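Two complexes are shown next, each including subunit A; its partner changes from subunit B in the first to subunit C in the second.
Up next, the complex of A and B:
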């Protein structure tokens, strides 16, 4: 039984990994690798956002935890002189340390009040990055001169291909954990809460505990993305963690589909390709994103990954309908 | 610090706060009727400012006509948005919220494609400075306060004493109950959404000469409006007015003591505190 449950996702994950590994063999173009690195980083963010959306909560402060870890990692390396390889696991823990109290406060609310309180938290965090502790955080001109990851076991991480490999490994690690989580009891409980929070609670699901777990695990993986972001971009601005990139993450995740662990993967990859193609036409890029988001919510609210299942069901209904009609014909 | 400084600071804070109250009233009206958090509400405000820019600076219409044009055009746009999109998402708060993020992008992109990214400036409709005792206020800002107040009174009268206004309040209290009493909920939703957007458009029109007009100008007022309606209680119209006054006082007086970033932060901290401790807002009830 366990084997049959895990075989499908394991094969899919292996396919995703194979594409990721094959990419640098197919193209050495640094622009392509740059886009692929960003996709892998965004995937970590959208998959961990989806973990929370799966409990029915849009955490508008998700990107703030990426920011907290990015600043934490940058400061650990530049101020405390720690190695990147110590900062990398440390920074997500810092994000988690902020996530526990913030989650405990925010998750007391639900629905619209939850979006608004998390949005308020994200603005507080952004204002801190931009205007407070300027000597430490760099203020509006940003936190600059963040070094690339230091060499490890003879490997260097200063050029695009090596950074791609690093990010790919981080993404795959996160993907394995998040997919495994989705196929666990925890995943089932999350889905139950999304479908009916009240019913789940009456059946003895510890709703707050599940939501808080999703919130903190989400913050940890957003934190991993943040630590990588700090040391591959070398400069951090508060606007990197503001409303605009946050909405983009929501769009990626929701267009792909919240109900499936593969939704954010489909959404992120597809939309990144679209946006790279529309890059020359700046305003039209936003226009297309906005329209796709609206049309998806209206016509396929469960996201693009739900389309095959819908088509299959429609096909089965048609066949069933035809068989019925034939049966009636014979009887008459 | 003299009393004059304090009064001056309060007046400065109120000028913008009253215009934001209009945005907030529209937002809270839409929330109360459709249970929708419209994050694109600031874009209707921006749209109102652009209509005013076209009518006042390009067509050279009198300012009052430009203001009316903004109210009508933005109201119609809101009605269209409700018919095409939001009507199908009534009560689905999560989906409607995400759709409003999409609408925000669409409206910003359209404004950018039509008007470009350069800020537009709208000349003042009123010039001169008013002196009240020891404090000064530009007639322009004074006019914003007066117009906003008149519009708030008109909205109150409309909701209180007209059939449609009563139907809107009924739909906000209990949509099913109202429908059973013969209220056409579909029509009232569309009208409520249109009215909410028209209020945002009016605010954009009033502030167009005070601030610069750009596709991104809606980002700030919508955030202020959210702060205002959370302070007053989401869905409560008197609460929105009270919330606006509180925000005006806090921002006006706050800037005397703190940096503007700290004052902005204070707004968000108040929101968090209210949502956690008293989610129904300061006024409470519906």
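Up next, the complex of A and C:
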């Protein structure tokens, strides 16, 4: 469960929404909007990944559920002739249908074993996209010609700004759900499990149930991102859902901070901007992320989002210390 | 009998940490479980709380067998335990720690939480109220919203007892609740345990502080090498030759 934030969850969310809404007013540049759309999509992915990290589980197959939904949505539209607006809620359910059995098996393992099993599953999924059912999934050349979202209520979604608005709305919907969950009993129990699974279990917490819920809800929101991805990129490749983008998601989330629902927001936005500014160093991008990840784990293990709280506590200690030195008692 | 162990054994490879142990804990008692290091006291706790499976034997709580249940299920039946080391969630405040324990029987469902259904709100309010009561019972009012990591040892110990209470358990298994406390703090926690018992809750206590054990307990079971070597009132235990030998070695 989130510790009390400075502004409270509703205000912070409103602030995030305001920034998102203000952006296309401030810039019509299609490159800027493109980056912003990717950020909104990554935010949905990292926030739903963090839901699982908060139970202490590093799910390396998170991006596979995005992939499953992306392919499901693309096929539903191109093969079954369904509308995008039907495929959009349907595709995450397909991801969830995969997540329930996978989670039930994988979540009985812990630590490195869980990590390895989810990683193995993600490789299987990637290989299936790449090598199997080539007629259906497109094989190594990818699944192509995926149409943009069809018009809805007189709005079209073929240009950059309208796709940005669509992704922003999907992200905000997800953020409201995920923040609300974090501030509920579910979030409280998740964090307790991360801190000590054994203690939580002996206090009567249904550990597996909480973990499975986080796993499946995580897959659903990754699936929403996947459906959007399919119809905004128009092409799907197996490598879109491989190890490299997955490692980036983990880096964003952990650097931002796993213990707070706001951590992934801070991490994703900050790292996307730095990586855009360091575009010249593209070849070294993963190297830089690796380095930042190690430094974060060493010096701010609770992530960047924990820095203000740390400073505040250090400041209080200093003040208390000085007061003590002067022989003045300061109550709490 | 509230708790009954019948012929319980636990082997680790060739070593029998607990061997054919039978004992009972009466309702409303403070029952001490003592013995030299390695006697199997913590293993007994792990078996009763379901953290470890038994190798043989049966454990019954209120006449119903609980062997084979998960720790969470056993907790919901009314047995809560504390640990020697990890006793609290360090990143949480005192209040949050109690809240984790407070309502295990509440619907933890996410949909109910998401839409804040009336049932969810009512149970949440009840848990918050109960947590508030416990905070005052434990005299933790002043630090209720402080993060646990920075709190003194005494408060963390008291909190861990409070968390066990918050589950609504009728039997508490307390693993060295007095370890590392000063004399004055020991007395405070002992008073707390007496208050707990006065509230109708049974306590099974592993503790090395003999003076406290003799002072607190109605009945004491002594383990050595995983078997019971004595059981009785504190007075009986203090004069039992087998106990004296186990603790001091013959005529040490």
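Everything below uses one rule, namely that the second predicted complex is superposed on the first by the 319 of 332 C-alpha atoms of A that agree within 3 Å, B and C clash if a C-alpha of one lies under 4 Å from a C-alpha of the other, contacts with A are read in each partner's own complex, and residues count from 1 in each chain.
Here is the rule we go by: contacts are C-beta pairs under 8 Å (C-beta built on N, C-alpha and C of every residue); 3 or more make two chains touch, one makes a residue touch a chain.
If you're wondering where the values come from, they're calculated on a predicted model, not measured in any experiment.
Q: Once chain A of both complexes is superposed, is A:24 in touch with subunit B (first), subunit C (second), both, or neither?
A: neither
Q: Per the contact definition in the header, classify A:207: touching subunit B only (first), subunit C only (second), both, or neither.
A: Second partner only.
Q: For A:56, select first, second, both or neither according to whether it touches subunit B, subunit C, the two together, or no partner.
A: Once the two structures are laid over each other on A, A:56 reaches subunit B alone.
Q: Output check: A:123 vs subunit B and subunit C. Expected answer is one of first, second, both, neither. What do you get?
A: In the superposition, A:123 touches subunit B alone.
Q: Is A:174 touching the first partner subunit B, the second partner subunit C, both, or neither of them?
A: neither
Q: For A:297, is the partner it touches subunit B (first), subunit C (second), both, or none of the two (neither)?
A: first
Q: Report for A:185: first if it touches subunit B alone, second if subunit C alone, otherwise both or neither.
A: After superposition on chain A, A:185 lies in contact with subunit C alone.
Q: Please identify the positions on subunit A that touch both subunit B and subunit C, taking each partner from its own complex.
A: Shared contact residues on subunit A: none.
Q: Mind listing the subunit A positions that touch subunit B in their complex?
A: Residue list for subunit A touching subunit B: 56, 58, 105, 108-109, 111-113, 115-117, 119-121, 123-124, 127-128, 130-132, 243, 247, 250-251, 254, 282-287, 289-294, 297-298, 301.
Q: Quick one: which bits of subunit B touch subunit A in the complex? Just the residue numbers, please.
A: Per the touch definition, subunit B meets subunit A at residues 31, 35, 37, 85, 88-89, 93-95, 97-99, 101-110, 112-113, 219, 223, 226, 230, 234, 259, 261-262, 264-265, 268-269, 271-272, 275-276, 279.
Q: Provide the residue numbers of subunit C that touch subunit A in the complex, in ascending order.
A: 49-51, 70-72, 74-76, 80-81, 83, 86-93, 96, 99-101, 103-106, 108-110, 113-114, 124, 142-143, 146-147, 163-164, 167
Q: Per the contact definition, I'd like the list of subunit A residues that touch subunit C in the complex.
A: Within the complex, subunit A contacts subunit C at residues 1, 3, 177, 180-181, 184-186, 188-189, 191-192, 195-196, 198-207, 209-210, 213, 217, 259, 332.
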